[in-house]
Amino acid sequence: MQTHPKKRIEIVTEMPMLRRITARLDEAGVTGWSVVPILAGHGQSGDWTAEGQISATRQMVMLISIVDAARLDAVLDTVFAVVSTHIGFVTVSDVAVVRPEKF
Amino acid sequence: MIDLALQNLLSPMVLFFVLGLGAALARSDLSVPEAVAKLLALYLLMSIGFRGGVEVAHHGLTGQLVAAIAAGVLLSFTMPLIAYGLLRATSRLDPVNAAAVAAHYGSISAVTFVAVTGMLSQLAIAYDGYMVAVAAAMETPAIVTALMIARRYVKSEAETVERGQMMREVLFNGSIVILLGAFAIGAITGTRGATLLKPFLIDAFPGFLCLFLLDMGLVAGRGLAQGRRYLSVPVTAFAIVMPLIGATLAAALAVPIGLSPGSTAVLITLAASASYIAVPAAMRLALPQANPAIALTLSLGVTFPFNLVFGIPLYIAVAGRIAS
Amino acid sequence: MIDLALQNLLSPMVLFFVLGLGAALARSDLSVPEAVAKLLALYLLMSIGFRGGVEVAHHGLTGQLVAAIAAGVLLSFTMPLIAYGLLRATSRLDPVNAAAVAAHYGSISAVTFVAVTGMLSQLAIAYDGYMVAVAAAMETPAIVTALMIARRYVKSEAETVERGQMMREVLFNGSIVILLGAFAIGAITGTRGATLLKPFLIDAFPGFLCLFLLDMGLVAGRGLAQGRRYLSVPVTAFAIVMPLIGATLAAALAVPIGLSPGSTAVLITLAASASYIAVPAAMRLALPQANPAIALTLSLGVTFPFNLVFGIPLYIAVAGRIAS
Amino acid sequence: MIDLALQNLLSPMVLFFVLGLGAALARSDLSVPEAVAKLLALYLLMSIGFRGGVEVAHHGLTGQLVAAIAAGVLLSFTMPLIAYGLLRATSRLDPVNAAAVAAHYGSISAVTFVAVTGMLSQLAIAYDGYMVAVAAAMETPAIVTALMIARRYVKSEAETVERGQMMREVLFNGSIVILLGAFAIGAITGTRGATLLKPFLIDAFPGFLCLFLLDMGLVAGRGLAQGRRYLSVPVTAFAIVMPLIGATLAAALAVPIGLSPGSTAVLITLAASASYIAVPAAMRLALPQANPAIALTLSLGVTFPFNLVFGIPLYIAVAGRIAS
Amino acid sequence: MQTHPKKRIEIVTEMPMLRRITARLDEAGVTGWSVVPILAGHGQSGDWTAEGQISATRQMVMLISIVDAARLDAVLDTVFAVVSTHIGFVTVSDVAVVRPEKF
Amino acid sequence: MQTHPKKRIEIVTEMPMLRRITARLDEAGVTGWSVVPILAGHGQSGDWTAEGQISATRQMVMLISIVDAARLDAVLDTVFAVVSTHIGFVTVSDVAVVRPEKF
């Protein structure tokens, strides 16, 4: 089956920042994104777990967005501007898709 | 008073909190799912808000309401200044982290509010239904003061980006909305509503509270285990002294207003409590440079247990003496 | 009747729904975890089913049961034809989307069924326990009719793939299984079971219903905010007119059968309601070309609030007049 | 006794379990969210533990407690030897899998403990509060025996890595901590606590139990559907014969100790039950070579339904005859 | 440590389709798959969130399957036949594994 | 935007093993990790689902850790030693990050 190269952006960020980042993604013209939960984690700011939490403060989520390579830099610029001052990080990897026009 | 302390210490609520704390420190895998914890918090705020509204429907609003809200707002605006001064004078926290912690202690803790009302019901001490509104009014002002302090040191996100949006998010945060919404519904439906919802919202309250405090014990225990490194002597001392300062100020304001013993105890407890839901989230947005673990460790790991075990019975006893 | 409307409007259930709706529209972060929403739905269906069964154990099954089920099935088979005709005549929906929406309005909404029984209990109006079986029988026929309509326009997935499997999935969908299962258990255990489960399944019902309607308000509000673009005038009008048409047909069938006022109100409400659980899932499988957001926005965002606030008191009042 | 069996079969608890089992086998999408299942388990253990403690606060601890715990520990240590022998003699399970299954049957099932207490309350048969402690004491010894057996065949992980850590994890596993913790809180707060928590922890118990057994039925049904291939005749027979052997041994120990009929029924049921929470997790750590699906299919898919439907009424009837 | 190249298929699909797609995966001979939850998302058909939902209709999940490159085309063909008419998409990326015989 | 290559390790493992594996990751000097839930799955040991489960025994989770390539082998060695005797597997893939010093 013929596939086409795209970029997969993965943003690990704090829950309270979610709305602000997705707003930026929408502005940057990505065609879609998905939010995957994270249960627990460890990093420079220590350990955390979602267990029993009623506050979203110390909770992280993973945003995934498949984008066209042509749009990658614009998306990274706008997202990174918000993420950089906060807890979290951004990774980019290569994927292949079947329906290139969707992204 | 020693009686009261003992009765408190041996209440199921405090014991379930201690159980959770112990289990977390023993690294047991006992845990309350996140969704369940959120259900418990939702239920408790709904129950307190609703009962406050029903009480207001019954006794009406008095002029004291305005005075009590004014007192609460005043406390919330000024306590962060005291907290910030204290932290900077005694600890090594930098200005931004000190401001963030100060915001937590100026504001109030819905979790502690739930605990004091549980204790008062158990002792059959009445408090005014409108204290729900006072609690809601005390949440936000401290954030404003803290951001004003921090502005001297960092260009806070809330200025560069949308400050208004953040303030709106704080005002409409879930715990305030359910608390005030249920309050309004209680006030509108009165006795009729209360009869209908009694088995769920009122009779089951102590049970839900025990389960919730078990969870808070677990979370506090885990927080303590992981946040140990932030618990220097001056910072830990602050987490116990600051509630007492807030309590004293609240007591001084409650007497001239003429609040009842129960309401005085609630106002004191609110002032003595440190935010655990609304302020932490606001700080992540407005002061991302501040380390969230510091304030959370202090608030839920030190101040909440202190208030639950020692503070609340003390505040109730004092309120019983000073209030009319 | 104005009394009834007012009492309904000021009932805690409706007020909690309005609170949720308002919170969502104000973009508050108030939310009910998905797992909790599913617990609430499970509980409510279990409670309604069980109480229906206990009632049947007590009063026995009458011949009316068969007539009522036949009436319900007839309504469910025919209403999609009317709905489809109406949509195609007045709106710009294409055939496939119109057929999908028609399936929703021909079938029934378990959520609305819960609401009408809550309202009837509050008004102390009895309805026959077997209406639980009528509700279950009305869920599926509308799907068959809608697929027959759509077949003229698309090769529906359900033909190319396993149509039988899809029908089995609809018949054994969770909400039907728990409703009929609890009904059977109530019928088998009768008063003995009722006494045992009263505190949980019966006394706590209004409280659970309030929490559930808070959640439905939140979901409806979010749906409205996101589905605005589908709410053209004709389509929105359909979502209010179609329930009234369904209600009229149901009323016309209930009278000759001789249903009691309570059961008449339930049958009318079922006909006037639009599916929110079973049909949407079936449409995703059978008519994937249809946009699910359209039917869901109409069903939960327009028709459910309309029924909850205006429809149900109207149906109860009408039933009181026309039923024997 | 036939009466008892029938009353049990037609109890809401058993019927909800059967409903869940049937729904899973019919591949319905009915499901209980994981978070809700964990809430139900937490609630039930908290309720049983607490009530046991309150009972002890009321009647005091008798010397029988020590004897009952000793009997329980003895059973838990020895039953795995019998189970292992039986499995190796009759089935084709290899030594490691046989040892893992043996650990499950030597230990006890908190889920079954909950079920037997629900049944006893329904029949108004009292049992001693300290049976909670007996249940907790019976969880671990079987693991030790099973690991000793397995050591001859595999270098178990628990030796190469931290055996102590694993044992600590078993001892502090969530279900033991909440059971014993709530027991202690019940014992400390006594009647005062019981009055406060009655509506939630006691009155609502049968309802929670029904919901929980619905879920257990669903999980058991799914497990059976997927684990069919492990259900050879000898292995399935083991899952029914072994409980009866355990029951007989427990009965033989209960009589000389002089346990009451209720407590005798509980001890027998514990011995006849197979672990579903603590042991499976421990086996994953200590004997990862064992296939977890075998023991879980047997424990929840065969032995639990057998005990729930036939075993428990049998054990209660026998206990009523043999106990003083 | 020696690693071996495999393919990672990620299928974002509607919850009601899950059973049908996993049945296809099984038929296509994949050795395993895992389902990861998605909390919320945005795409051509608008925004959705799982919050407070009792219906699975508007809910997406992410299926992940590690497969051998030799089997990739067969898997894509059978899966894509189902996914294509529905909401969702498929991506493929390269991964390395330690135990190649498992996939 | 300038990005830097790193490795993304994904460990699918049994819930009861989680603490042991994260302890190993910490020892191996990774700067962070995140735990993503899995709802259901299929593999050589059959099907499982988290639905309605009160026991964590048959439940899998996905550990994700972004690490520097220089540390990859050490991490794989220590993690694989634990995972190999248990149900589960490890995959490695290439990603690009914006802030290389974080990993």
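Worth a mention:
A, B, C, D, E and F are the chain letters, set down in written order, and residue numbers restart from 1 in every chain.
Here, a contact is a pair of C-beta atoms (placed from the backbone, for glycine too) under 8 Å apart; a residue touches a chain by one contact, two chains touch by 3 or more.
What you are looking at is a predicted structure, and each value in this text was computed from that prediction instead of being measured.
Here chain B and chain D face each other with different sets of residues for the most part; under half of the interface numbers are shared between them. Superposition on CA atoms relates chain A and chain F by a rotation of 120 degrees, given as a multiple of 5.
Taking the mean of the C-alpha atoms as each chain's centre, chain B and chain E sit 45 Å apart. Between the CA-based centres of chain A and chain C the separation comes to 38 Å, rounded to the whole angstrom. Annotation: 19 Å between the Cα-based centres of chain E and chain F. Under the contact definition stated at the top, the residues of chain D that touch 2 or more other chains are 29, 31-36, 38-39, 199, 204.
Shared interface positions of chain A, defined as residues touching 2 or more other chains, are 36-37, 56, 93-94.
You'll find the chains touch as A-B, A-E, A-F, B-C, B-D, C-D, C-E, D-F, E-F. Within the complex, the chain A residues that touch chain B are 14, 16-17, 20, 45-58, 85-87.
For chain B in complex with chain C, the touching residues are 33-36, 38-39, 42-43, 46, 168-169, 172-174, 177-178, 181-182, 184-185, 188-189, 193, 196-197, 199-201, 204.
By the touch rule above, chain E contacts chain A in their complex via residues 10, 12, 36-44, 60, 62, 73, 76-77, 80, 84, 89-94.
Across the interface of their complex, chain C is touched by residues 10-12, 15-16, 19, 22-23, 26-36, 39, 122, 199, 203-204, 206-208, 210-211, 214 of chain D.
Touching chain E in their complex are the following residues of chain A: 1, 3, 6, 8, 22, 25-26, 31-37, 61, 66, 93-99, 102.
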